[in-house]
Each structure stands twice: as C-alpha cells, then as structure tokens.
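Chain nomenclature is as follows: A, B, C and D, assigned in order of appearance, with residue numbering initiated at 1 for each chain independently.
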Amino acid sequence: MDFQLPADDDPRRLAVRAWLASHPNPTGRELAEAGYVAPHWPAPWGLDADPIHQLVIDDELARAGVQLPMNPMGTGWGGPTILVGGTQAQKDRYLWPMLAAEEIWCQLFSEPGAGSDLANLGTRAVLDGDEFVVNGQKIWTTSAEHADFGILIARTDPTVPKHKGISYFVCPMDLPGIEVRPIVEITGGNHFCEVFFTDVRIPADLLVGTLHDGWRLAKVTLGNERVSLSTGGVLWGNGPTGLELVEQLRDRGGLTDPLLRQDVARVYSEHVVLDLIRMRMLTAALKRQEPGPEASIRKLLADEHGQHVMQLARAAIGAEAMLTAPDGLDYDAHRDGRVLAEQGPADDLHHPSWYHGFMFSQALTIGGGTFAVQRNIIGERVLGLPRDEDATVRMSWAEAQRIGGPR
Amino acid sequence: MTDWMAAADVAAAVAAEHAREGDEQRRLPAPVGEALKDAGVLRMCVPEAYGGPQVDPPTMLRVIERIARADGAAGWCTMIASTTSLLSHYVEPHRAREIWSDPRHVTGGVFARNGIATKVDGGYRVTGRWLWGSGTQHCDWITGGAAGDGYNGSMWFTPDQVTFHDTWHTSGLRGTGSLEYSVDDAFVPDDLASQPQVTGALVDSPLGAFPDMTLLAIGVAAAGLGIGRHALDAIVELGTEKKPQFSQRTISQSGVAQAELAKAEAALRSARAFLFDEVAQAWDTAVAGGKVDVASRGQMRLAGAHAAEAAVKAADTAYTLGGGSSIFEHSPLQRCLRDAHVVTQHIMVAPRLYETLGKLHFGIDIDASMI
Amino acid sequence: MTDWMAAADVAAAVAAEHAREGDEQRRLPAPVGEALKDAGVLRMCVPEAYGGPQVDPPTMLRVIERIARADGAAGWCTMIASTTSLLSHYVEPHRAREIWSDPRHVTGGVFARNGIATKVDGGYRVTGRWLWGSGTQHCDWITGGAAGDGYNGSMWFTPDQVTFHDTWHTSGLRGTGSLEYSVDDAFVPDDLASQPQVTGALVDSPLGAFPDMTLLAIGVAAAGLGIGRHALDAIVELGTEKKPQFSQRTISQSGVAQAELAKAEAALRSARAFLFDEVAQAWDTAVAGGKVDVASRGQMRLAGAHAAEAAVKAADTAYTLGGGSSIFEHSPLQRCLRDAHVVTQHIMVAPRLYETLGKLHFGIDIDASMI
Amino acid sequence: MDFQLPADDDPRRLAVRAWLASHPNPTGRELAEAGYVAPHWPAPWGLDADPIHQLVIDDELARAGVQLPMNPMGTGWGGPTILVGGTQAQKDRYLWPMLAAEEIWCQLFSEPGAGSDLANLGTRAVLDGDEFVVNGQKIWTTSAEHADFGILIARTDPTVPKHKGISYFVCPMDLPGIEVRPIVEITGGNHFCEVFFTDVRIPADLLVGTLHDGWRLAKVTLGNERVSLSTGGVLWGNGPTGLELVEQLRDRGGLTDPLLRQDVARVYSEHVVLDLIRMRMLTAALKRQEPGPEASIRKLLADEHGQHVMQLARAAIGAEAMLTAPDGLDYDAHRDGRVLAEQGPADDLHHPSWYHGFMFSQALTIGGGTFAVQRNIIGERVLGLPRDEDATVRMSWAEAQRIGGPR
C-alpha cells in the first residue's frame, strides 16, 4: 500500500487502548456506544472518524482480539440511509440496536423482474389511512429468515416514470402477510431467500424520507462505505485467497501437469493484480479522492478470479474433488489428500472451502449482475459507448408495463 | 432387431421423472433401475452367444447420451453397467451364462486392482475396498480388480459378499450412488477369477476386439455429451419462456445470449461429431477382424476428453446465461452444471490426458496401456 | 469415375512447390493455375448436362481442404472458381455451354450487386467495381453482380471488358490475387445477364437445389480447415526435427507443447467432423429431391464459422509453439497464421454470424436470406 | 500515480530551463554533455540524478519539444556495463559518442540454441596473440545492419561450467568476417538480424572487465534502468495503446456486435490494470524499493494485452482488415473506413499500426521468452515451485554439449 498507519504512540491508538483496558470483554452494545462499530458515522453513533482513524481502531481491536458485531445490511445499508433521510424518532429507535447487532437487518430491494434494472420494481405500497398496504415479491434477500427488520423499497406511484414513484420503508419482518422462503442453492446450503408480501400493513411512520423519493435515498446508501484493511477471500470476501491456494500447492510439492502449472501462474498474477487494485482504492479512500475506473473493473476481474481459483483447486485435487464435505457416517475427511499425495508429498490441500467453493463460485458471475451486465456497465458508464435507448425512462411505470416492448 | 433409440426414449422418460429424487437420495431410484432393465440398456455388451444384445459401440453411445440427456446419473449408471457387461467376454463361458443370460441381471464394479488375492484350494480368498462403485447397490454380480499369488484380474462377487459404505456425498451425479464397497476375506472360485490380460476374449464377438479401457472412456464422454445437450435444451426453454414477471425482455432476446448459445452449440456438436466419427471407424476395423491400434485408441481418447470439456463448457454457458434462475437447487441448469463438472473429474477423460495424447501426435512413443 | 482426391494430390504438390512464389507475386503462379485446371478442380460444380463433373459438395470440400493444406491461396482459388461454376445452373443453356463446356475454362468474380445496369436494346450497359476478385486475372469469363432498370442478377463479362486494379496488398492469402476489378459502360447481351433469383436453376442437377450462399460459406471453411491442418503438420515436423544447434531439447519434448498440440488437434478435428456431418446430411436431402431448409443451412453456417475459428486457433497454437523459428517470413507456420487470419475476415464465416445463428437456436425468426 | 512531481519553481527545473535558453536547438552531443541523456549516470557522463530528478528533466525537455538521442542498446545495455567494468580508456573512447547517438550500438547476446537459456551460448572467442578470434552465430539482434558497435558475449573457456567461461567484448561491426543477414518477418519488414562470425579478430583491449567474467557483467546491466513516465504502446512500447483503440471505437459510434462489446470492456480493463502496475513500479523505483512480483507479471499480461488490442481492432475493421498499408499504385488509404462506416458514423479507425500491428503482435508472446517460459518463470522464481533439475549447471560446458541430454 502507499500509506503508513500512524505510529504506535498515536493518541488515537492510546484512546482505544484505554477504553479496552476498562472494557476487557466488550459487548456489542458497549462497542456501539464507544463509536467503534461505525466510527465514520456522526456522533453520537460514530466518531466522525476519517479513514485513517477507522483503520487505527480496526488495528487496535484486532490486536486485542475483539470482534465487532456483524450486521452488514444494517450498518452498511439501512443505517446510512436513516442517518440521511430518517426522522429523529427513527434514528433513536433503530440505530443503537442496529449497531449493537441486537436487531438484525436485511435488504428488500431485488425482485424477479428487477435485478439489473432495479428501478423497474413492481412491489406496490398503497396508502390506506395511516398504513401502507404492501403486495409483491422480493428475491435474493440475504438472511431474511433471521432478520428483525428490512429496508424495503416499493412503488407508491405507478403513474410517473419508473425512477420517481418509489418510496423507502423500514419493514418489521414479523408483520402478518410476510412469507420468507429460503432458496436452496447449488452448494446445498441457502444464503438467499424469496420474500412474499400479501396485504402487509406497514405503519406510515416507517416511511423513510419523503414519499416517492425512495430511489434517491437508495442511491445515497451506496456512497458510504467503511474502509477496511482485510484482504478477503475470492468468494465475495469469504473463502480462501488465490495466494492461499498457490502456497498450499507449493507446500505440497508443486504440480507436474504442464497445463496446471500455467494455471497456477495465471491465478497468482490475478491475485497480485487484484491486490494492487484494492490497495489503490483504499489509498484513494484515505485521500478522500473519487474512486477511478478501477473500482468498476474490480468486480469483473474478482469474480472471474474466484472461478479460476476454484477450478484450479478442483483440477489439482483430481477425482476426489467430486466428494463434498462429509456429513457423518464413515467418510474420512483426511482421504482427500490421497490423490494429491500420489504426485507430491503426502499432504492435503487444506481448506474446507474447496468442496463448496467450486460450486459457490459458479454464482459469482451471476450475483450482483451477470458478466454481460458488468461488461455493459463498463462499456456504457466508464467508456461512454452508446447504449440501447431505454424508452421506458420517460414513460410512466404503468405505461411501460403495458407496452412491455424490448428495452 | 431392437429399436435401441425407441427403447432408450422410454427409459429416459422415467429417468427424467425421477431425476430430482435420485439427486436427493444419492442413489438410482428403483423405478429408474427397473425402466433401464426393461429397456435392456444395462447389458448392451453381452455377446449374442450368451443371449445378449451385443450392441455396436456407436449405438451404445447414442443410448447412453440419450438417457444422460434426461438425467445425468441414469446415463452414467447405464454406461457403467453396460461397459461392465463387456467383461462377459473374459469370464469362463458357463459362468458367463450364469451371470448374464438372465436379461434382468445387472453387473457393475471397478477395474482397479485394489483387492489382495490369496490362492487357496479351488479359488482365492480376497480382501479389498474399491472407490466409485456406481450403481453397485443394484447389481446381481459385482466385480472388483485384485492381484496376488500370481493372479491379476477381475474377481466376481455375489452381493452378499460385499459391504457398501455410505461415502458418496458429492456435488454432482449424486443419483449414481457411486459409493465405496469392500469384501473381507471373500472366497472366489477359480472360474469366477477372470484374467482378461491372460486369457483374452473367451467368446467370438467383435466387441471382444474392442479395447475395454477405450470403451469406458468414450462411454463417459457420451454421458457428458448428454448432460451438455440437456443444459443447452434447458437454456433454450428457459430463454424463450414467456417473459418473467415484471421483465420486459426474455433471455433469448439478448445479443450476448444469442452469440454465446451459438458458440456453445457449435462446440458441443463438433465434439460429438468427432467422437462418433472416430468410434465408427474403430468399430468398422473391429468388425472387419482388424486390430484397433494405438493411434485409433488415442484418437478416441482425445475425442472423449474433448467431448467432456465441451459438455462442461455447454453447462457453464447455459448456467451463466440462465442468471438468477439457475441457482435454484432444482433448476435443470444447476443439476447439469454439477453433473458435467463431475464427469470431467473422471480419470478417463480428465484434462491431464492431453499431455499424453500430444506425445502421440508428435510421434513420441507412449506406454500404450495408459490409453 | 474421377478419383478426386488423387487428382487433388497431384495439384497440391505443384501448389506446395510454388506457394512462396505466389506469396511474393500476390497472384496465383501460372504453373499452379495450370495444375488446378489439369485436375479439373476449378469447375467442380458444372453439371453433367454441360459436360461438367457435377461433384458432390462433401467431395468438393475435401478437395478444397487438400489443396489448401498444401497452399492456402491455391485452395482459396479452387474454392472461388468452383463455387462460381455453380452459377452455370442459372445461365441460359446455350450460353452456359459456351462458358463451361471447355474443361479448361475458368470462371470467377463476385456476387455483390455493385454494378449499375441500364437496359438497352438486346441487353444492358453495365458500370461497376467489385472488391475481392480472387483469381479473376486468370478467368475466361468473369461475373459481377449488378442491378438497375428492373434487373437484379449476375452479369457475365469477357476479360477484355474488365479492368484490374492492383489493390491486393494483404497480410495473408496473398497468392490469391483477390484484387478489385471494374467494367465501364460494358455491353452485356440479355442471355448473359442471368437472374438466379428470378429464373431458378435452368438445368436439372441436385447441385441446383443446394443453397449457393451456403456452398460458398462451407467452401471458405474448408479452405480454413486445410490451412489449420497445414499448421499442425508443420509444428509436428518442426517439433520433432533433430535438435536445433546447441539446444538439448526439441519442442516435442515440452509438456506444454504436447498438451497444447493435443487440444488444438481435438478442436480442429471436431470442427471438421461437424462440418462434414452437416454437409453430408444436407446433400442427402438435396439428392433425394428435398429442400435444404433454413435450419439445415443454419447448421452448415454455424459449422463453417466454427471451423474457421478452429483453424485460426490451430494456426495460432502452432505459431506460438514454434517459438523463434515461426517468425521467418518463409516459415510455413508464419504463412499459415497469416492465411488463417484472413479466412476469418471473410464475411461468410465472420464471428458476428454467431448472434444470428443463436437466434435460430432460440427459435427466433431470422431473415433467411442472411444465411 | 502515487507521487507528485516537484513544483514549477523547483531549482532543478530552473536549471534545465536556463540551459535550454542558451541551447535552443541542442544537438545530441550538447544534450549528452549537459548530462541529460543519462542523468542517472555518474559525472561527467550523467548528473548522478535520482529518479525524481530524471523525471523533472524529461518533463522540461518534453515541454520544450526537445527529443533525446536514441541509442537504446548503447545507453541501456552497453554503457552501464562499460561504466561498471570498462577501463578508463574504454569509457573515454565510447561513452560520449554513444550518449550523443553518433555511434549506434547493438547487442550480440542470443543464439539459435541459447535464447531462454542464454548461458548455454556456443560462440567461441579464442585468444591468439593480442587478438581474440571469434566464430559462431548470433540471432535476434535489433538493428545490427545500422550499428557501429556491438556488445558481444562469447565463450572463452569451454572446460568450465557454462556460466563461468564467458567473456564480454566491445565488437566493431565493420570487422572483416562479420556478416549481417536481416530476418524478414511476418509483417514484411525486418527489425531483427542474424549475425555470423567467421574468424573475426577482435583486439584484446576490447575485452570489457576480466577474462571469463562476462556472465556477471551481462547480468549487472539489467539492474540499471532509466525511469520514464511515457505510457508506451502495446507492441513492446511502440504502436497504439489499448485506450487509444477504445477511444477511437467510441468516437466512431461504438460497436453493435455483442461479442465485440465484451472485448472492448476486456481490453479497457487490461489497459487500466497494466497502467496501475506501471505506476506501481515507477513509484517503487522513485522510492528506491525493490520491485515486487508485479514486475514479473507485467510482461505476461502486457504481451497478451497487445494481442487482444490488435485482435479487437481487426475484428472491428472487418473484411478490409485483410489489406495491408498501401505501397503506392491505386490503393486509397481512406477506404479502410468504409466497412466501419456501415455500422457507425463515417469515420476511420485511425492508426497506421493496425495493419502491421496485428501481425507484429503474434511475436509478442515469442520474443523475450515464450508464454510458456514466462509462466514457468513466475512459477519457479516468484512462487518457488520446484523446477526440473538442470544437471548441466555443474558440468563443464563442453561436457554438457557431449551428453546433450534433457535439461
């Protein structure tokens, strides 16, 4: 990286250490009240911390072995939006339990017909007295079955163009009429849900910001990210890194197959390149500069990289890569080293993620925009290539649904 | 003469219906096993001399492909059972009749010489454990490779001699039930201890002149081709369905999807044509009494590895073009992807074969037993 | 019956000998032109009714491929002349006999309607300029597409009416002399102003039922396959030659080279098998009096585009594996690379075709005149 | 980049401007004597300049429109070696005309059997009185037919292991017995030559450094590179950049073909990534840090990028891309726009390099090590994967030739 963290005796470090001395086993609520969960937020919820200050806090907490409460859809998405557009009552009610992860949040944005074109969403919210009545379907919602609240965008005015008639709500997940169905994925597990709304009545005071102004609020959210030093794995931050794979292959004696040796070099090259881009983006964030085009490119490269890493692992393991993780019975986990052992020292390719990782990696180029969408984004937004005209931008949403023509 | 493709169609319909069930149970559902027996496709290599159908390899590959197109696991089991039935050529005729004359008898097992054989009076005592016993749970006779005391061949066991281990926890081809099995100090009489490399074929049939390892490899490839075909069928179906809720454009209307589908079609159909061309040539040679030489076996193996790779590419393309719809566990796009990627892990078509086959094309001598 | 492959072998030997000369002169050397005439391969589509050989398309493709394997440019000229001779089906019979009955007469030219026709008494006056007139300098009759005054078809000119322009300065297929040519207010009598779309075939022959644009596309692909084959032959030869001075290992001993060669072989052979399969099926239909429908034409076009792409990959692989030896101007690896990359620029097999053919696979209607 | 050039009133800038005021049209010799050709060299030939000082000089000269003399094999390779290993007489004789580009230099290193394993070279130099008699063949020599001198490595002792018995010479290119044959390349042009030595007699005082110690000297050369801000094209620094192609495509209205649109995004992504790596390497040089693994990776990516750029240009041009540049006659250069015009505004894809560039790009993955060699270098040197043992390292060179076994 092209920056250095403050020295060991920096007063910001000393402040964290002093706090930790008086809170040796801090609870989520204590960490939240200290401002350490979202230090970049304004007081009293945060410390108005600049990026270097954020990294210092991370560094000191990591050194003390303290884990921050995990509530990504809350602190990453819902919280910043409530900070910008919420009422004081909403801030008082929701932000503290959110930071403390005492109440878990999910995000109710995507729909079956509104993924890459989110503004096309069709879930309706109709004001009826002092409640909004919501009907429709959301999809790709992470952890909806565990969440206490969701941030919901729904259409409140179908007679205006699609970006205009959308409103933003806080949605308690225990309201009658909400049905959550987990999606069983290719890995056999489930991370995503479908959420169905049937005459769900949301009190009008859970509207965030102005009626019909939800699209602007939803976009505000995206600009406000906490910086972090963590490298993250190739599966959207989870799982192993490309370097970990390469090191394991080296430690177990390398590979003799000429094509696989080429793949090792490619995976390693991609790892270095992605690390450079990440450092570049972090440096830009620290200098409070606008991110360059590399931010748009990173996802494209990273998702393909994830697939390459998992393909290489699978190819290196050989036939035993067919097996998934054991689920009891007489399967011996250490057996996965046998085929590897034939061509190198008797050692395993260690990582519980290899089994599921390959299957999960297939979703990388689908989730968050398919490869085609990603490249079109680069083509149109970064390079300014002309795009197909979206005639529906100027029509009312309802009118656009009627013609249903090609976009 | 049996219309093999018509018979395969009937069995394929049953396999398609139970595909999800097999995927969940990690073994072939009983109705599928029965349908495959009814169609006669689990013993296609039994020679006419033993009352078998003695199907020619090109037809056999088409049958495997057809059933795999309905369900990869059912196609795989068809392939394993039929290629195992080729071993009937190397078993003492009276025993071969006992094992294979009944048209509903099914055989399966593994060639690898994992068993240890000890000579005893009238036969051998065998202890061993084998990986990847696709469909063995449904077999009437089970084979396992063994060596020891001068013996090196394929032993034949009855189901009561065999213990099955629940080890088949996989991402793909779950319905094949390719678990591990073992025997512990089992007695095998001399006339069930076949030694193909020593005796050669014991019955006159052109299939006996067809190389057995190659037959397995092209069978694996045919299963892959069926899975790849299924994936492309599925994306065309999904892509042209009425527009999904709220969406204004089907997948089939995207220029990228069109171009990628055409490329995947071209690659899969090309790989298939190459495989069937090479197999037809080799079979003509075998029928004419000639020897299927190393060059011809090399071409078939090359075509097999390439076909498996093309099938994976087809499944990958279909899955990616399918977008969000693909990742639901019971989407056929998803099952095809999992199944295809298991096919390429099979040693018979694994990419590392390319180096060996490249030697052949450069005119460098290779150990012919490797292909 | 003519042994077409034997005849092609003879011509190919001459083409190989003069390949470098043609590359330097940017036109087909005279001895090659004569050898191709001797072999009869420049008029393979002339119907028997006019004394022609009326060769079936699969054989024609094999001939083109064989000659392109010796020299890409000679193969290309063979393809252009023979596909042009298909137009004999659409010319008034007495004129067709005049143009094609002499077994040494060669025709060439361009379909594109670049000419402007003006009706005059007894015929048309035509002015126009055409791109890509491969081999036209050697032709006895030259065609050029034209339209105007209600006319839309292929005009036939004598060489003295045509001006050639030295525009063929290319990286590959230099020996084809595919320069521009023009006519200026040339008179063409009515019976040399053919209108294939209006009249249909004027002579009975299954070739008349074979789609002409498709024949051109698969001919281009066959030339590509020959070039790709030549590239792989050349790298095997170079790779197994005695060790270069001071070096201790031949290319053929490198694991990467072995694996890459095997993959390129598989891809090229697969693409070839797909093309020949599809063409054989379509030809069977034509011979049986059936219509070669849009689906069949689409498959042939897909196979053609894929074959051209596979040929480029083969040439790229061979060139890269060849290392430093490849870049000498007279290395066959270098000429194959240049030639193959020109083939894929041809509109008949250009990659942008995939989008259109993908529509067909998704079941979307396309303008059938495009394929 | 992660650094800033000194301000406009920096004294180092003022010094260059003052010099330029008194030398409005400087000759190569004047630029050399001012120390501006190789400012990182020691006085009197250079200014002992640090990297920032080098960039300041570049910046000021570029602003004044002054071109530096071009003699890359001299100032990049021969000069640094003579500085380290040469006698005072050699420095006095060769360095000034070299810097002024009054005498052009070439490099006589590679041989038909000694490319990726240069130490295997077989050209012999035998001392005979006060001359070395040279016999052998060199290849891939850039501009040998225009050069006045070459730097030559040749084997002076075949009885010791291959890295030991090599010596380093200055070789006047007009000596009797030297024959230069240009290699006609795929582009139709020629940049490389073969050079044959038949009983060429080189005076003994042209030996650089110690007898048999040439291998060490040849390696010294590689570490001493002048830093530069120039982006450089995708053909080993020549030709257009990926961004130039993308901009031309955008300016002429974009592309409709879906596959080509994907390629545009890929080419652009590669361009950004390579630019990041370049800036990273420059930053490291400025901080006098050792280059990281990205230096090893850059060539691999850059060479493939060059091929992708040229393939995309060719595909975008269509059928007319078959044509090479005009060589007189009635060919109209503006015609190359026609096919493009059919799918966009009537404009051309301007760059004379597109014609030759595609063919030249085929050599990118061959010259300087094939793609296989490059990836093996990454695998073995960067990642530490085990390599095939080179048994010949410990044999005498002559013995290794006799057994001729696999390396």
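As a working rule, a residue touches a chain if its C-beta (ideal position, glycine included) is under 8 Å from a C-beta of that chain, and two chains touch if they have at least 3 such contacts.
What you see is a predicted model; the values in this text were computed from it and never measured.
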Label of the chain whose CA centroid is most distant from the centroid of chain A: C
Pair with more cross-chain C-beta pairs in contact, given B-D and C-D: C-D
Approximate Å spacing (C-alpha centroids) for the pair chain B, chain D: 54
Centroid distance [mean C-alpha coordinates] between chain C and chain B, Å: 41
Centre-of-Cα separation between chain C and chain A, whole angstrom: 54
Sequence positions of chain A contacting 2 or more other chains: 257-259, 262, 372
Residues of chain C whose C-beta touches two or more other chains: 253-259, 354-355
Of chain A, residues touching chain D in the complex: 2, 246, 249-250, 253-255, 258, 261-262, 264-266, 268-269, 272-273, 276-277, 280, 283, 292-294, 297, 300-301, 372, 374-376, 378-379, 382-386
Interface residues, chain C side, partner chain D - complex: 131-132, 165-173, 243-249, 253-254, 256-257, 316, 319-320, 322-324, 326-330, 334, 337-338, 341-342, 345-347, 350-352, 354-355
Residue ranges of chain D in contact with chain C within the complex: 111-115, 120-122, 137, 139-140, 183-186, 188, 257-260, 314-315, 318-319, 321-327, 329-331, 355, 358-359, 362-363, 365-366, 370-372, 392, 400-401, 404-407
Residues of chain C defined as touching chain A within the complex: 254-256, 258-259
Chain D - residues contacting chain B, complex: 257-259, 262
